[in-house]
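Okay, so subunit A shows up in both of these, paired with subunit B first and subunit C after.
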Partner chain A sequence: MIQLEKIEKTYTAGTVQTPVLKGISFSIHAGEYVAIMGASGTGKSTLMHILGCLDKPTGGRYRLDDIDMVNLDDEALSHLRNGKIGFVFQQFHLLDRATALRNVMLPLIYAKEYPADAHQRAEKALTAVGLAERMSYKPNQLSGGQQQRVAIARALITDPAILLADEPTGNLDSKSGTEVMAIFQRLHRDGRTIILVTHDRNVADHARRVIVLKDGQVAEDRLVAQPRDAESELAAVVDEEVRP
Partner chain B sequence: MKLSRNVILSLEILTAHKLRTVLSMIGIVVGVGAVILMVSAGRGAEKQILDRIQDMGTNLVIVSAGRTFIIAGRQRQMDTVRTLLVTDAQAIAKECSSVALTTPAVSKKLPLRWEDQDAITNVVGMRAEGLQVRNFSIAAGRAFDAEESRAAKRVAIVGPTAAVNLFGATDPVGQQIRINKVPFEVIGVTVTKGMDVNGLDQDDLIIVPLETAMRRLLNLDYVHTVYAQALSSTAMGKAEQEIAELLRQRHRLDDKPDDFTIQNQATLLATERETTGSMTLLIGSVAGISLLVGGVGILAVMLMSVRERTEEIGLRRALGALRRDIRNQFLFESGLLAGMGGLVGVTSGVGTAIAVSALGYWPMVISWPAAAVAFAFSVAVGMFFGLYPAVRAARLEPIESLRAE
Partner chain C sequence: MRTLRIAQEGARALAAHKLRTFFMMAGTIVGIAALTVIMAVGKGTEKKVMKRVNAFGTHAIMITAGGGKGFSPPQAGITTLRLEDAEAIRSQVQGIDVVAPFAVRRDSSTKAGSNQLQTIVMAVGADWHDAWEWYTTDGEPITAEDNSTMARVCLLGTLSASDLFGSQNAIGEDIQIGNVRFKVKGILEPRGTSPMGDEFDRRIVIPLTTGMRRVFNQDYITNIRVTVKDSRQIESIAKEIRQLLHERHHITPPRDDDFAIFSAADIAKMARGISGTLTYLLIALAGLSLLVGGIVLMNILLISVGERTKEIGLRRALGATQGDVFHQFLVESLSVTILGMVAGSVLGWVVSITLARLTQSPVVISWESFALAIGFALVVGVFFGVQPARRAAKLRPVDALR
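Showing the complex of A and B:
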């Protein structure tokens, strides 16, 4: 589904050139749950922006569903983002003037066809992340974990092929983070392709495969022998809370 | 299409920024309000002048003796001309097919005396039917009749202004006065007419029978003016022609210039309409400039909005918005701001105009087409000044916008 061949990205500011990605190659198949790991500043977000068609590489080839991304124009990339990709960001990026429901419906505004059942779809998506009771709340009336779940519902409303999450637990406490991991785990079980970017090994170990970046290159690409199970971790946390 | 899906969200965001939204609208509100007020005031003034012209009489063609000149906005007779006669008036009525009837008149400023009160006013001599031709109605007492006129009776009808000047609070009807030392009895008071086209008080006058004025007061055998009533409003031009021809022939002018001046109400109306119309347009355009200034307010607020909502723009782009979707959204929002401002401006402008008119400060005639144009113009101004911020928003790069915190 995704093929990266020697992807390079060099930022140019005036005469100063900063190479960030120096030839990244890997493939990801449909239904995979992959964590991209690496220290801060190694270019994980940069790579994710390229994967998500928000940015173009300065070298190499990126094929998504056998479409060569490098040759596409701005408009075609926008359509791809809307149809194939769902983003979850560390900072949630919700519209703070709009309700949870309106936030979730936002991608549909830019869809080729506006579904007649947009409202119901948004309600369903919010219910799926456990926010059935919070649909008309504005972001500032929600906890961080709830806001991130609104963002996940928003990412899924267009039924994208790939879910891209950049440090989705970075701004959350550990319990909310585990809840998000549990949702991802469920999505993966339902067949969704997920790419999770994180610097945190404990988070990465929820995925089935981990790609480690170092110095702008792939340092490690391995399967996780025993992925962590977010649901049982959650149950443990709940147990702890219940016990005196 | 995408725009319409976004409308509710745009409205929610605009209403969430209440203070800023209101501030950005003020310029437009004032601009649109000013346009409507100015145009209403101009049209009110126009209507007043037209009413005054109509007040002069119906389908009137006015023949004045001698050539008249306009000096400092007033019509003045330059020389004493003795050639316009009562018989001319009779001949015009008889021979000009477009003229229904005529009435000759004389006028002069003369001293008045009542008990120990003195005043000077315009004394007008005319026939009984002249009162109708010139739209004078009687408010108190009575008018004189044809018999009294023929017999040169010393009776007078006073205008309301002259009445107050001479009699103060006393009822004029039945009072004995002297006009240029000649004793008269006041038999009636006319209904207030207000000012004429030239801003002269039409109520500061005394009307006496034509024959009385000519023989007993002025000692004239000629008249100053002949009022002719055309058969219809469309016949006025024809009547003017016929009268001119007849008078030139009767006065044996051959190759000499006219010794009379003819004006007709239709051309007076047309000229006045033209001058007041262009005045209204000028004032309206000046007010329109304040609308443009209002557009600058929109520009400032939209630029602020784009800067503040950089993250939102980045997000929308990440979710699939095209550059033109972003541009259209901000264009729509500035148009919406200006449109709301325009609506408030129309409401307050019309409201103020109605109030000013009702309180009697100035006659206002509200022009709905002008209101519609002002409203449409405000939306256009909003979109025009919103274009630059909108294009700037559309140019933002999604990743950088998302990084901006």
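Showing the complex of A and C:
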């Protein structure tokens, strides 16, 4: 589904050149749940922007569903993002003045075909992340965890091939973070392809495969023998809270 | 459909920031309101001018004995304007329709029985009727025969008839002008107020010859009314007549004219008066506020592009193309100017109507001004909206999301 071949990215600021990605190669198949891990500043976000067709590499090849995205123009990339990719960001990036429902419906505005059941779809997506009671709330009336779940519902409304999440738990307390992990694991069980970017090993261990970046290269690419189970972690937290 | 959805996004953004939207609108409101008022006042003035010009005669030139500025009555004691002058104009100036010499005496004493009236008596030739396009409603007009026989007949305006005879039928009755007895042979069509403000309908009209010999006892005339065939030539013909009279009266520049010439064009200029300059001033004001408003609009939009980089980046990440972002921002600026245009038009109408009430001067509210307002709104909206929209569209999604 995803093939990266010697992907390079060098930022140029004036005469200063900063090579960030120095030849990254890996493949991801449909249905995989992959965590991309690495210390802060190693180029995880840069890589995710390339995977999400928000930015182009300065070298190498990137094929998504057998489409060579390096050759696509801006408009084609926009349509590709809308149809194939769902984003979840560390800072949620919700529209402040719009309700949760409107936020979730936002990607449909830019869809090739606006579905007649857009409203019902958004309601269903919000219900699936446990926000059936909060649909008409604005972001400032929601907790961080709830805001991130709105963002997840938004990412899924177009039924994308891949869910890309950049430090989705970075701005959340540990319980909310675990809730998000539980949602991701559920989505993975339902067959969704997920790429999760994080610097946190505890978060990465929820995935089935971990790719570690170091100095702009893949330092490690391994399967997780025993992925952590967010559901049971949550149950434990609840137990702790309930215990006198 | 996609365009419509994106337009809706723009409208939502405006609705979500009402105060900002109002500030963006303010310039357009003021500019369009000013424009509407100008058009309404301008059209009102034009209506007034046309009324004056129509009362004077759209094709008419008036020559009056005595110099002086402004459109004034003949000066007493000026004896140089003569029938021969009228004859010369008739035979030497091209493009002329009718030449009607006449003599006027203001404050003539007239009476019928015990009713007295101090009024304007006009002694006229037969073609005076055609020159003024002013005829009788009852009885007969002044004819060439009345002039050749020096007949003692007269026509009354409707007001002079009612002053002298009340509701009684005046035709066939006698009146006295000075010491001379006249028979009323007709009643003139009502004509309202003259450009100089006196009542046309309180006049008495007698044959020119009778007037000169028997009543005024003079061998000169006080006025010549000339009508031209083509009103576009009126100013050049007036100039030609002036030159002819200069020659005939032996007047060379340092000496003042002993006559005055007024054409329909001069009357129009007078009636427009300062409203012309005022209009230009107001147009400048409207233009300036539209320009300033447009620049304010553009700057607020540019600032909002800056404030909304995250939003723009998000929309791009979710699949908005550069065109979508461009359209949304252009819709925002156009909606602002169109809403501002509607509000400005309504404000302009209210101000115009109030102005009309307060100044008692005519104000005409027209669809043309509304159409012009729509045009301006679209032009300002597009012109000042394009640059912010382009800047928003050019933002790179990665930079905008950071």
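Observations, loosely collected:
As a working rule, the second predicted complex is superposed on the first by the 244 of 244 C-alpha atoms of A that agree within 3 Å, B and C clash if a C-alpha of one lies under 4 Å from a C-alpha of the other, contacts with A are read in each partner's own complex, and residues count from 1 in each chain.
One rule holds in what follows: a residue touches a chain if its C-beta (ideal position, glycine included) is under 8 Å from a C-beta of that chain, and two chains touch if they have at least 3 such contacts.
If you're wondering where the values come from, they're calculated on a predicted model, not measured in any experiment.
With the C-alpha superposition on subunit A as described, subunit C and subunit B clash in the combined arrangement.
In the superposed model, A:109 lies in contact with both subunit B and subunit C.
With both structures placed on the common chain, the touch criterion links A:29 to neither subunit B nor subunit C. In the superposition on chain A, contact of A:214 is made with neither subunit B nor subunit C.
Common to the subunit B and subunit C contact sets on subunit A are residues 49, 52, 54-55, 74-75, 78-79, 81-83, 87, 89, 93, 95, 97-98, 106-107, 109-111, 114, 154, 158. Put simply, subunit C touches subunit A in their complex at residues 1-2, 5-6, 9, 12, 16-17, 310-311, 313-324, 396-398, 401.
Residues of subunit A that touch subunit C in their complex: 49, 52, 54-55, 74-75, 78-79, 81-83, 87, 89, 93, 95, 97-98, 106-107, 109-111, 114, 154, 158. Put simply, subunit B touches subunit A in their complex at residues 1-2, 5-6, 8-9, 12-13, 16, 311-312, 314-323, 325, 398-399, 402, 405. The part of subunit A that touches subunit B in the complex is made up of residues 49, 52, 54-55, 74-75, 78-79, 81-83, 87, 89, 91, 93, 95, 97-98, 102, 106-111, 114, 154, 158.
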